[in-house]
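Two complexes come next, and they have one chain in common, chain A, joined by chain B in the first and chain C in the second.
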Partner chain A sequence: MGKASQLFKTDLKGLDRLIKKLRSDGYVVYGPVKRGRSWFFLEIDSVKQVDLNYVRTVLPPKKLLHPPREKLFEFKLGDGFEVSEKPMPPTVALFGVHPCDLKAIERQDEFFSQTPEDPYYLARRRNALIIGLTCTRVDENCFCLSRGTGPEVSTGFDILITDVGNGYLLEPGSAKGLELLKSLGFQEVGDEYLEAKQKLIEELKKSFTKQMPPEGLAELAKSMLEHEVWKETAERCLSCGNCSLVCPTCYCFDVYDVLELNLRSGVRVRELDSCQLLEYAEVALGGNFRRNRFQRLRHWMLCKFGVAGGGLYSSCVGCGRCIVYCPANIDLTEVASRLRGGG
Partner chain B sequence: MKLKVGVFKFTSCSGCQVELIRMNEQLPELLNLVEFKYWAMASSKLEDGPYDLALVEGAISTPECIEEVKAIREKSRVLVALGDCAVTGGVPSIRNWMSQREAETIVYPKPGYIRSTRVYGIDEYVKVDYYLKGCPPRLENILQVFKAVILGVKPRLRQHSVCVECKLYENECLLTTYKQPCMGPVTAAGCGAICPNVGRVCEGCYGPMSDPNVASMVERLREIGLSDDEIVRKFRKYAGMSKPYREVAKL
Partner chain C sequence: MNPYVPRIAVIESIVDETPDIKTFRLRITDGGFSFVPGQFVMVSVLGVGESAISISSHPDDAEKFIEISVRKVGNVTGSLFRLKPGDKVGVRGPFGNGWPVDKAVGKDLLIVGGGCGQGALRPLILDVLRHRDRYGRVEILYGARTPQDLMFKYEHDVWASVPQGCLLLTVDRVPPGVEWKHNVGVVTRLFEHVTVDPANSLVCICGPEIMMHFAVKGLLSMGFKESQIYLSMERRMKCGVGKCGHCQIGGKYVCKDGPIFTYEELKLEPDKIL
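And now, the complex of A and B:
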């Protein structure tokens, strides 16, 4: 916040114009669409398809930047070894990304920009346009507030949309975003709209019931590797992997080749993996660093608490997905509070 | 040198072999690499071993089967259990939970000829190198085993849960969202989550995943209202004789 920047305002029709403009600029636009009882980031061509009042999608928008399964390249053994990279992916615009997911994308950006850089992720990311959407409601499994990852955000978007009641406030977050807003001729408004937004956010903050503050959690968890909570929770854990496959901050993947029957050509694939799965830590000759379920569950939580894996790059942003999709009702905020000596 | 392959069948519906026959357009390519020395369903020319690769379909259910499967093992360098019946006893093993006489009289008008044993997967009697789970296993996975054996590498047959594939396709979760009795969290993947993809629960046809938490799954199914009897049937359906399920299946 703070820095006064240009602000704009529009209505639903204006948002629709924004989507159409992005499409005519060559973006494939994805937004939160309701199907059955859940929401999904799906390709959209009009604001009518979007539920601007959604809570969370099954898979985070990460799926469009770091796809759950993708072909990296094709290879062929001819005279030499030929590799054909697939053409550049379509440029995506993500419409309606909530603050927690914006923060998660920032973490993935940092992770995949480390040496060695990940060219596949970065190619998609560089061209992507991200339009954030301030939440209008939270449910019993949201806890971004305690993680410092929402419901306020000031970075990670090209444009941020907030429903301020009598229209949608549009804040540019990048030069690209500002240019877009100007080109659409949206009405410029003053700072009083920021105040209105802030009031809504303050109101929203009162609806949070769950929390998992990050302060000291990593150090605490690291010092309590033998705490009984790990084994007790692991008794319920199914090692199904749902929690990490839906997590917007998990980045682990597996790479494998699929050979054609000619045994001379094939494709290299990468696919989301999860440290909750037995095979994840398996090495040659069947050795396994985390054969016991409690070790795997503990590792996944330590990573989300900011200890294991990439430390802060993969730590939790409080979206609640892992809790919603855990068939065993395992809740990492409860584990954290037990480590802190509560409950 | 082409890989010498034998395909053998014990107690089963032959669906796994049908899956193999279904490959159609890939067959000529496969025949560049392998030679089927013994495959009664596809050819009347049946040659004795040794085989580089034996694909064994079906459960072991008679004393004769036991001798035969041991003989096949001796003649084969790599032996693969093809499909759930061979892996765990599969659907035929539901017969294990009734008396022998009862089962035989249901099936045969004159059960006097029948001498059957308890139904088991083949590894009750012989060492198995690779398990192709599924009822039936997906063709892709079968072909993967052929390729891996030719190249002398381990096939990539990951045994994580069906939930993993479900998430790769971003299905709505039938268990958590709809409280339906989906066996995905304990079932081995490999099918591509084809049932949840069309909104139907996983019935567990690939058998247990690697290290399934059976006790917790029983609790989860209780939570959504299944009776103990229904739960037992869920675990018996495809892999009741598998080691992880045996205890619950007898419950």
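And now, the complex of A and C:
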């Protein structure tokens, strides 16, 4: 897609009109809302509810595209069975998605598009509208810069919003986005706004402290399966699975059937799962190929380093969530630097 | 097409193979089905769940029926055991890659099965019987816990009579009073009778992972190369289509990249007994 050909500018009121327009177009709009000391993607109807200066939400926008729990189909038992697929839930618009999360959505898009396609994810995704938001600040756990996943972003959004000080720069990233911007009659502006945006981003880059460069990490980790860092780190791990739950690129799910009390009908559902949990790799008769905690922690980190099954698609985009929400203060960037021979 | 929604299959007949293994013949009710030897299906007992089960019949019969040979170990398999001919199950698939039947053309084949793994190997054995001229020498080694635990006993005479081939059986132990004229001991003990030429052959193995571990060791010391040894792997499976993540062995998906891998492909992956 590259650089947008047309640029627009608006103020807070304009952003509010954008949200209202999306709602009147039938979207359920979600944006980053502050509750206590954390941010959450919640349904919004006005820009006033949104914190445009947020750092990261607890759960990534994944919760709206690859939900924690969803029905795959309903069935009726009796003489054999019948299956009926359910219509898709309402279309969502995600307002204010940061670059790392945009990148994670792109990876999930590609992952779920592999043959055979995942019809549930893709239907929801095709209908969704995504409005990105350039970060205004980073904290000590952000490391998108070193992952190449932010703070600049050129794809993965329909519209990208950047606070340029004297208003909001709006860049269309898709035909749908451009049409929206035009329909709202926002003021067209010139390339000098891109320069202003670039200056802000260059300034922002100076505040990153954490890093985990991808270069060679996958190969290195795979060649160091016996390194003591795995067992040492696993001694602290509680196998709670928080890290997967909050990770925007973790896609794993469990599938199970739920029968109604009448035992005649039921649903098959899928629910997000984590390879950090003991049951994840359990097979019949109590077998388990990742019975030890260090094996599960190692598998999860290998995945985030890009060497487990999901490859690049499930690898880390540097959002920092797993570090912030780990009850044992486990930090994958520290494991990576130990593998690289530091410390 | 939605890969998560099962098709309906009717159970046509059920054969008791062993005290805890049954073979179910299934007819898919809504049209065609085709597969290659070594592929598997996800079988649903709706309300209970789904299990990955290898297809144990030959592809040439797939328009009429497929067979699955199931060992009763838990919820889904236990529920399958309570079903009768005429009952319906859900089937998704076929999934996975299959045995290297094309690469095996003109080569010797060594087929090594252990326990319930023989189900995944039967389509390959049937292929040898039906297309004998495609393969060179074919030797079948098959081990089970006791003589009662051997599957497909009713076919062993046919397997044994394949020209330029042999069937060697072994069991871990023979209960008192049971007649047994074959070998006793683990399946790798049969390796001393193997005569296929390591320079021009493929080995296909399916069985418990610990058995495959020892088989690979033995084969490597006999001069077979890592790339000649094909193993059918078993891991927990939820989707069968490379999405749920459960079947991963390091960077590989058993459901999509496998279930059949060469030892060369797997040897550097973590979290296996192999």
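In the analysis below, the second predicted complex is superposed on the first by the 336 of 343 C-alpha atoms of A that agree within 3 Å, B and C clash if a C-alpha of one lies under 4 Å from a C-alpha of the other, contacts with A are read in each partner's own complex, and residues count from 1 in each chain.
The criterion applied here is as follows: contacts are C-beta pairs under 8 Å (C-beta built on N, C-alpha and C of every residue); 3 or more make two chains touch, one makes a residue touch a chain.
If you're wondering where the values come from, they're calculated on a predicted model, not measured in any experiment.
Of the two partner chains placed by the overlay, chain B and chain C both lie in contact with A:256. By the document's definition of touching, of the two partners only chain C reaches A:118; chain B does not. Note on chain A: of its two partners chain C and chain B, the one contacting more of its residues is C. By the touch criterion stated above, A:72 is placed in contact with chain C alone, chain B being left untouched. Shared-chain residue A:311: touches chain C; no touch with chain B. Residues 256, 259, 263 of chain A lie in contact with chain B in one complex and with chain C in the other.
Interface of chain A with chain C (complex): residues 72-73, 75, 77, 80-81, 83, 85, 111-112, 114, 116-120, 222, 225, 251-257, 259, 263, 266, 268, 270, 273, 275, 280-285, 289-290, 295, 298-299, 302, 307-311. Every residue of chain B that touches chain A in the complex is listed here, in rising order: 26, 29-30, 32-33, 143, 146-147, 150-151, 156, 158-161, 163-164, 167-168, 170-173, 175-178, 184-186, 209-213, 215-217, 219-220. Those residues of chain A lying in contact with chain B across their complex are 35-38, 40, 58-59, 63, 68-69, 235-242, 245-246, 256, 259, 261-263, 271-272, 274, 277-279, 293, 324-328.
On the side of chain C, the complex with chain A involves touching residues 1-6, 8, 10, 46-50, 73-74, 77, 87-88, 90, 234-236, 238-239, 241-246, 248-253, 268, 270-273.
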